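What follows is a set of structures for review.
The same chain A turns up in both complexes below, where it pairs with chain B and then with chain C.
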Partner chain A sequence: MSEFKVHHRDGEGVSVIDLKGYLDAHTAPDLENAFQKLINEKKFNIVVNCRDLSYISSAGLGVFMAYIEDVRKNQGDIKLTNMSPKVYNVFDLLGFPILYEIYKDELEAVGKFGPRK
Partner chain B sequence: MAKKLTKIIQSRTDNLLEVREFVMLAARQFGFSEEESSKIVLAVDEACTNVIKHAYQNAPDRSIQIDIMPDRETFQISIIDEGKSFNPNSAKMPDLKQHLSSFRRGGLGVYLMRTLMDKVEYNYSPGKRNEVRLIKYLTPSKSEARG
Partner chain C sequence: MHNKRPAQKQSSSYDLLPLFEFSNVVNSSLDLKFILDTVLLTVMGKMLVSKGMVLLTREKHGYEIVNAKGVDAGLVGQTITLTQVLRKATVTDRLSSANKPWVTFFKANGQKLIVPILAQGRVVGLLTLGERLGGKKYAEPDKQLIHSLVNLSGSAVEKALMIDQLKEVNRDLDRKLQELNTLFDLGKEFNVVLQPEKVIRLLTFSLLGQIGVNRYAICLGEGKNMQVVASRLEQELASCDVLLSLQELTRAESVEELARKKKFADVAALLRQSGIRVAVPMLVQREVKGMILLGDRMRGGSYERSDLEFLSSLANLAIISIENARLFRETLEKQRMEDELAIAREIQQGLLPRSLPSIPGFEVAAINVPSKQVGGDYYDVLAISPTEYVFAIGDVSGKGTGAALLMANVQASLRAFAPMGLSMSEATSRINNLTSQNTGQGKFITFFWGTLDLKSGMMRYVNAGHNPPYLFRADGTLEKLDVGGIILGLMATMTPYEETSVSMQKGDVLVMYTDGVSEAMNSKEEDFTEERLEEILRTSLSLPAGEIIANVRTALELYTRDTPQSDDITMLVVKAL
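What follows is the complex of A and B.
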């Protein structure tokens, strides 16, 4: 059964990760691998599109926390978009909106990275 | 008292989905709204994940028992294991802002359980049986709107 998918797209100096399904302790390593791959390739401008993400637990939230410091040290960021109210509520309960930029729309988030140097 | 429901799983994260479906169905049948049921489901996921990672330290072949005991307005879920005991007193509620700004991953599950449920209780017999009880009361604001 396929319960979680990570899909990655590159364009305009920004990498987009599309999440689909359930992000829990079982599937969190898949997202870790996706972040690790981008960091290894020195791609630090990252947008995570949560449009098709139906569930997240603290194991999934922990992945964002594990990589944000590395990414920001390299003048990049992880911005989140297109969350359902249910998924947003979990991020909100843990105070994530203070630390992460969350946008309604992917294009808006991509635009926040500004023009390429 | 309504019928007690029990599910026993092996201590693997690929069983979490099955646990979530089991709890969601029971919570909805008890009368909780979808939003409240989702909170209960997440709290149980966090408790089971803690058992797998900490009590059993990722050993894949141990058992976790999930008992659901619906009783009038009280919906209680017990998560029972026979692994390493967890001292709930050592898990203080983190100062969330400070915790997050230092990018620490641990402890969020315990915080979520306490935030999502009305009551969280621990009952431990070291080396024999550990139990986490998650309790939520069914009040009109948490029920499915009827009309």
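What follows is the complex of A and C.
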């Protein structure tokens, strides 16, 4: 199993989380920690780049569900980008495209947050 | 269609080439929407009609409106029932009287003609058309042309329908696969996670992800002891008492379903107030050990039976892991306690004399059988001068390491004070002061000690609250040595300990013991009693000291049988030869 990595970078008032490898029950807590850290730092504009994400399980999707409300309550959002068809299929199967904005490209998603206040 | 010659003649006025093209176009596509659009628009164009609809056969006599042009788009999705099976284009006015409501419906929406879409003789759908522009009637040739056009597309529609069905089946399979993946993913992880909190966290994530729900509560425990361990509800549950009536639940149920059953109606109303839509029992061998409550699905849609089945599997998988984690923790705790007991036993055994000194003119024997839990029994025999020997016996309250350490304290102070030449009363006071400083609340020691002077044949003693030792005289009389004072360790000495002396003559037997002997229990939880002890001792007095102890031990074993020993058994016997 390929290793899971969460990498976080900041810029233009938007925080980007890069996911790599398998996001499943085993690695879900890593993503949870990343979200928790951003929320603690009051960074609510979040883009999750899934370019190197090779697999996502329901537990992985659950982490997005667990934090979306807190983030949106603070006028922020979690937007997703660069999904492989395989990963998108899981999102789609479970009805997530209705709940989350999904973009082809990271820059596009970052742009949707509008100018920095 | 050869019976009406004029019509056939007239149909030749229509160009056949577009008909061929049309057939090619619709039959080369598998996209149902495209096919239906093409058919409808082609027919509407040919007939100069501004209103039309396509309906697909959904069930027996049931037709769903899937395409509507020039009429209220809100009609799409509605299902109508037509009991009459149509074989050819029919004017809506002519539908049989059983379909009267639909005649009215078609009229209201301006639909004049109704045409069956046939594929291999089966009606796969209907096409309806409104009035022709200019009020032209649908003449027989027109109807035939429409009939042909529509039926050219029949097999394409059927194929596309099948493809759609396959796609749906495929998606259902994908969804099932995803559910299985989720169970597999969790099962794998639950096996290595041994903290209940973490299991609950992972369970929550999987619920949120798989079901797409954001309002939930997870409760754990049995019966009245159920507690909310994780929750996110608009209106939090005040307590799990409401769940008590759900103890009989054997599978996941929607609150809607529960409300219909009389015995669950009340709890269903309460759950609904908290925005809960589904209750999922967590079962271990059919017993409810927890409950998952879920609110609305964020992406909309209700809970299907298959969702409930999945939830039941997930809940049962999780509760087994939680139970395992709990058992693991208990085992660890037990292991830790056992380790501690082993240490206590080591301390205790280390404090007991490894061998007894031989005393001229006397026989000394002792036994200590520690119980499984390790009590705080202690005995000692010390030579404090060539002609003076100390015998001591004590019982520390409590068990385990604490008792063992307290005993170490008593032993150290006894060994320090005994040879100092103090009076026994004074030495006892000091031992008490020292130990009472070191003991915690409610800890104490019962203690007896005597100093035998070989020159005088007398033994001075102090009894600090210990079971009075027996001094069996050679003539058969029995003295109980009970002079002394309060037990050790409770408080600093206020009243001095009394000391007294007794003679030890030839044939006298001194028996010191702890309550582990007199209170040894049989299977009916009855004590061995001091009376029984006295009796067995009396019959053994002529034996050597070691055999007296052996006799008592045998009597105890016969009495207690297989009842586990609950306290240490300690005896010290001194016989004057």
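Everything below uses one rule, namely that the second predicted complex is superposed on the first by the 115 of 117 C-alpha atoms of A that agree within 3 Å, B and C clash if a C-alpha of one lies under 4 Å from a C-alpha of the other, contacts with A are read in each partner's own complex, and residues count from 1 in each chain.
Rule of thumb we're sticking to: a residue touches a chain if its C-beta (ideal position, glycine included) is under 8 Å from a C-beta of that chain, and two chains touch if they have at least 3 such contacts.
Remember, it's a predicted structure, so these values are computed and weren't measured experimentally.
Trainee: Clash or fit: how do chain B and chain C relate after the overlay on chain A?
Mentor: Chain B and chain C clash in the superposed model.
Trainee: Answer with first, second, both or neither: which of chain B and chain C does A:60 touch in the superposed model?
Mentor: Touch status of A:60: second partner only.
Trainee: Touching A:25, do we find chain B (first), chain C (second), both, or neither?
Mentor: Both partners, chain B and chain C.
Trainee: Applying the document's definition of touch, where does A:33 land relative to chain B and chain C: first, second, both, or neither?
Mentor: So A:33 meets neither chain B nor chain C here.
Trainee: Which partner does A:74 contact after superposing on A: first (chain B), second (chain C), both, neither?
Mentor: A:74 contacts neither chain B nor chain C.
Trainee: After the superposition on A, what does A:96 contact: first (chain B), second (chain C), both or neither?
Mentor: Both partners.
Trainee: Which stretch of chain C would you flag for clashing with chain B, going by 19-27, 235-243, 307-315 or 487-495?
Mentor: In the superposition, chain B collides with chain C along 307-315.
Trainee: Enumerate the residues of chain A that count as touching chain B in its complex and touching chain C in the other.
Mentor: On chain A, the residues that contact chain B in one structure and chain C in the other are 24-26, 57-59, 61-62, 65-66, 68-69, 90, 93-96, 98-99.
Trainee: Can you check the complex and tell me which residues of chain A touch chain B?
Mentor: Residue positions touching the partner: 3, 22, 24-26, 55, 57-59, 61-62, 65-66, 68-69, 86, 90, 93-96, 98-99.
Trainee: For the complex, give me every residue of chain C touching chain A.
Mentor: Where chain C meets chain A, its residues are 171, 174-175, 178, 181-182, 185-186, 188-190, 198, 201-202, 204-210, 212-214, 297-301.
Trainee: Which of the residues in chain A end up touching chain C in this complex?
Mentor: Touching chain C: residues 24-26, 28-29, 32, 57-66, 68-69, 89-90, 93-96, 98-99 of chain A.
Trainee: So in the complex, the part of chain B that touches chain A is made up of which residues?
Mentor: 13-14, 16-17, 20, 35, 38, 42, 45-46, 49, 52-53, 96-97, 100-101, 103-106, 108-109, 111-112, 115-116
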